[in-house]
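Shared chain: chain A. Partners: chain B in the first complex, chain C in the second.
Up next is the complex of A and B:
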């Protein structure tokens, strides 16, 4: 029982990071209808920038992370500008265009930081909590807390502010949005920048848990995308539930099947998607003829 | 005929020159470059498979590299562990790859687009995880010592001679792929890619086609894997990584995903570029990424699409003002629409009397009884019962949102009603899939045109004409000549049909380039191509001018006179009154009146609900 809870807790803390990655995918999809396969690479850039500020510039972690988010926000604006002709085009083009952008980012990271990775020490040095024999790292708790705050702030932004509502309108029908006076280009740029900022947050939070390297975004990106789909693509509660779900499935798979955790995770994921294609919180859409 | 000769000659000549060059190429290459060439040919084979499933059938497949891996690993395991001969192992490996293809294709029956993308990518990750961990695959260190394939005493351990083996396989693969694309199977796949819903309604068995697409992709992937194992004699997980999957994808997109030749060009080109840049590592990756982004942004149709884009740009300034790019509703296009003669509609339709057993004139052909259709709380159809009698023209009218199109969607199988039944000739068809209903003899058009936009006008009609079932495709393996003959026969009938609808001169055009009225007419032609017993027309006169409406009425009467029953939804009351023998009025999802037009027009309920207080026969909004 104790080991069950231990596995669950470790699954949940990775799940919180996946949820944050999923949130970035969902935000960009929901506000501009773009599936951004460069998200993992942006996350990696964020992790590198944050760790550079934290380790080399010796800034406190709480300052390094927002600084990294600001930096990737700018990166996001550039990517959005370059890929703007692809918006509202077919999925194949978005797929390969954003993958290409991700490849460029990875190459840039190798040029700047070389291809060998770096470990980042945990910014919280207190001993893990012990609840009934289940050890919970304090940093993991911090991660879960930050993720919760980020989620809440984002939903408030989308639902309570005019700009957030405008973004969602653009995703639903960009022509109609233009007609009612929304600046579609600016709205999309902001959405993409926010998505990139979220990626940096996820990357810098994941840095002490994982290992920062140019390819760290590949696996995190795929897991996060799977989480977004599992929860219901475009849905904020879906991103949370999907992220925690993928984290927990992966954690139990790693415990029971050791090396085969990816295999088990993605087979389970495939079966779940086939059972419920729209995800847990997904909207059912009706074919209009 | 002369035109044909003129077109074909240079192409055949070009192919011959290419073949000779490819044959002579090894004489000019050193040992390093011949190994690059061998790799490039394998990627080309993989790219054809990916082009078929993604570019032709529109199914996102990010597991192509896993099919490659299954082929290679199965060959390796069967030759080194189980002691099979190379070619026996190769056959079994192909079977394993096909099995993998069918498994990966299963989710395509439920999800599409980015959902399918992440699922197939996840399965590729799962495969990679398995080969890096399983004892039988040798884990990280892989499997070495795969034997060289024996071939009539030819020493295939020479990379030069192996090149020829690969070249022949690639040529055969490309020829077969092109054959598929241009004949019924590929045509249906392209139609499914453009509009799965309309393809289903035209009789294409969508689930079977999706599986077939993955099957084709896995055959190419498996073949490439087998050849890879025989070439390198060693397999390890890093060859089948996700990065290589993305590289393969880039090849297909950069080359031009809707053209198999483009896929091959992309594969050969990118492999060479990669090898050229290999020593520059990070900068090579940077350059490769930038090239991918640039091509996607500036040449979305890929390298093969560039010549036609340049040509279009070249031509456009000279011919400004003519409706070259669709020009819906411009004065020029309207005058074209008016000048198109409409000949022999009836004779084209009469040419095929195989509309099934059918009911005699006046008997009930289609019955709708007690149909209820709810969408999460909204009741679009509430206990609708009506019948369509054989040989009549039935008008279905009602205000916007009264459930007319929903009714058509239920009849044609797009929606499954919450309760109630639809019968055709007494046979219940309520739960049938759209393609089944099309095969039973119900054809339809759509309120908002749903033509296959990347298929020529002729191909659009051919989709309707082809009534074979998908299992018919075994002939592609066993009797390709039969496929070819069947296709030629279909083309003959398509020419007749196009002539009958006055569409002959547009045969090779894409629907989007035609005036709107002609597109409407094409959709009716496509529906009639399936020789239905019942034709459902959803607002066929929407957007047509007076002359086009007159022609439409003529077409509909000719269709009815050829023995096909017609039901049409229409807002233009003048047209309904003059054309229909019986009218059904829907309001808020219920039938409020039915009968002869004049009779219905006097019904107080109808006047109140639909027409307000205005005088009826003059005009509608």
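Up next is the complex of A and C:
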């Protein structure tokens, strides 16, 4: 039983990071109808920027993370601006453009920080909680808390603010949104920027748990993408449930199937998606970018 | 009457066949001389082209960077001293992306572009894929790979710049079991070619000492959550945890093991002797790790101090094992080229095998299988540094 709960706890910890990644995917999809394949690379940039502020500039971690989010928000704006000529014209080229943006970001990371990665010490130095032999890292609890706050903040933004409502209106019908005076380009830019900020938050929080390297966004991006699909692409609560779900499934797969855990995780994921193709909270709010 | 396009195509095909039949035997489209030549037919002032093939992107890119820097330092020093009979060595860097398929394409590319030798790769799987092509093109290759599968290739053109994985792990197993008296040993390895090799080598070494592991878990090479595997191992209460994974993943394993409250002594081969492992694990969690490595640090002797000083001056960072291995491999190649006055092909391979070189990793004397170093040393990490054990 101790082993079961330990495995569950570790799955939820990593699942929280996947949930954050999935939130960024879902936000951009919800507001633009676009799957941003540069999301993993943006996460990696966020992790590098945060770790540079934390380790080199010696800023407190609580300051380094928002600073990294602000810097990566700007990266998101740049990506959207480059892709803007294709908006509402060629969806497929936009998708390919995001793949290209990801490749460029990885190359830029290698130029700036070299291909050598870096370990980031945990900003929380207290000993893990021990509950009946089950160890729960205090930093892991912090990550879960931040994810919960991020989800609440994003939901409030989309539902209770004019900007958030405008973003959703653009997704539903960009022509009608334009007709009522909403600037589609700026709305999409904000979506991309916020998505990038969420990616940076995920990367920054993941850095002390993992290892910051130019390819760290690859596997996290895939896990987050799967989480977003599992939860229902475009759904904010779905991103959380999907992320935690992928984390827990992966954790128990690793316990039982060892070297084949990735295979088992994605077989289970495939079966679940075949049963419910739109995901757990599946919804269709957009037509196209 | 034959249509004109068809006639043109037939003419072109006939011409190509004629030219192929008349071409010289040996390395096909390569500009390098045939395998049996004992000296280069190029003019004396032309550079000697040597390829460096390693991952410069992807998850193995840090290893690739270490290796390139070690090789380049040795080559720069040789060129500054006059090169090979006045000829400079020109390095060409190629990115294999850690992918065996890309490696095979690069093997053909470097042969066609006139490279006479190759350093790399740092990944045994890629080196294994390239070996048959390099053998057919008569291109000697000094690799950082350590898999015993490299020896099974049986190529007279393939050389290792360090010990085999079996040497690392048999030395480690002997120290842990015989010297320290540990009996409850668990294993955690990954499932890529390196991890699988480490699993097999350490397991066979343990069995040779009459020890059966109390637990053995395998994780995917890109796994980041090792807690489930470590939880399974924790239940067997091992005294020692042997890790067979690359630097970053090894560091994560140690970090997560300590977070789970595991106090087992960590034991590992080459990856644990690197700054990458220590920074990922964290200084306090890395302390106490038993390391089997032929290069226990930059301050072990005057040669390693001189190497570290030159490396740091050139690149701004201190070197580690992979850079030292690559440096030694390059020095061996340079010594062979000097001895045979810039020869190529089988003559160069023969010259490499004849080299006796006192390197950073030890005394190099190559056998017929291409192995030149047959021992490692044991060190223990303390305060972020490896110290050789005192016997």
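In this section, the second predicted complex is superposed on the first by the 276 of 289 C-alpha atoms of A that agree within 3 Å, B and C clash if a C-alpha of one lies under 4 Å from a C-alpha of the other, contacts with A are read in each partner's own complex, and residues count from 1 in each chain.
Note that a contact is a pair of C-beta atoms (placed from the backbone, for glycine too) under 8 Å apart; a residue touches a chain by one contact, two chains touch by 3 or more.
Source: prediction; values computed, not measured.
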Now for A:106: first (chain B), second (chain C), both, or neither, which partner does it touch? both
Taking the superposition as given, does A:226 touch the first partner, chain B, the second, chain C, both, or neither? first
Considering only touches as defined above, state whether A:280 meets chain B (first), chain C (second), both or neither. neither
Tell me which touches more residues of chain A here: chain C or chain B. B
So in the superposed three-chain picture, is A:117 touching just chain B, just chain C, both, or none of them (first/second/both/neither)? second
Pick one for A:77: touches chain B only (first), chain C only (second), both, or neither. neither
Answer with first, second, both or neither: which of chain B and chain C does A:165 touch in the superposed model? neither
Applying the document's definition of touch, where does A:255 land relative to chain B and chain C: first, second, both, or neither? second
Partner chain(s) touched by A:137 [first = chain B, second = chain C, both, neither]: second
Kindly classify A:95 by the partners it touches after superposition: chain B alone (first), chain C alone (second), both, or neither? first
In the superposed view, which residues of chain A touch chain B and also chain C? 106-107, 110, 115, 258-259, 261-262
Residues of chain A that touch chain B when the two form their complex: 35, 82-83, 85-86, 89, 91-93, 95-97, 99-108, 110-111, 115, 218, 222, 225-226, 229, 233, 258-263, 265-267, 269-270, 273-274, 277, 284, 286-287, 289
Complex contact set, residues of chain C against chain A: 56-59, 61-62, 64-65, 190-191, 217-220, 222-229, 231-232, 235, 248-249, 251-252, 259-261, 276, 279-282
Within their complex, chain B touches chain A through residues 54-55, 60, 106-107, 110-111, 113-115, 117-119, 121-123, 125-130, 132-133, 197, 201, 242-243, 246, 249-250, 253, 257, 281-283, 285-286, 288-293, 296-297, 300, 375-376, 405, 408-409, 412, 414-415, 446-447, 450, 538
Using the touch rule from the top, collect the residues of chain A that touch chain C in their complex. 3, 6-7, 10-11, 13-14, 106-107, 110, 114-119, 121, 128, 130, 135, 137, 209-211, 213-215, 219, 247, 250-252, 254-255, 258-259, 261-262
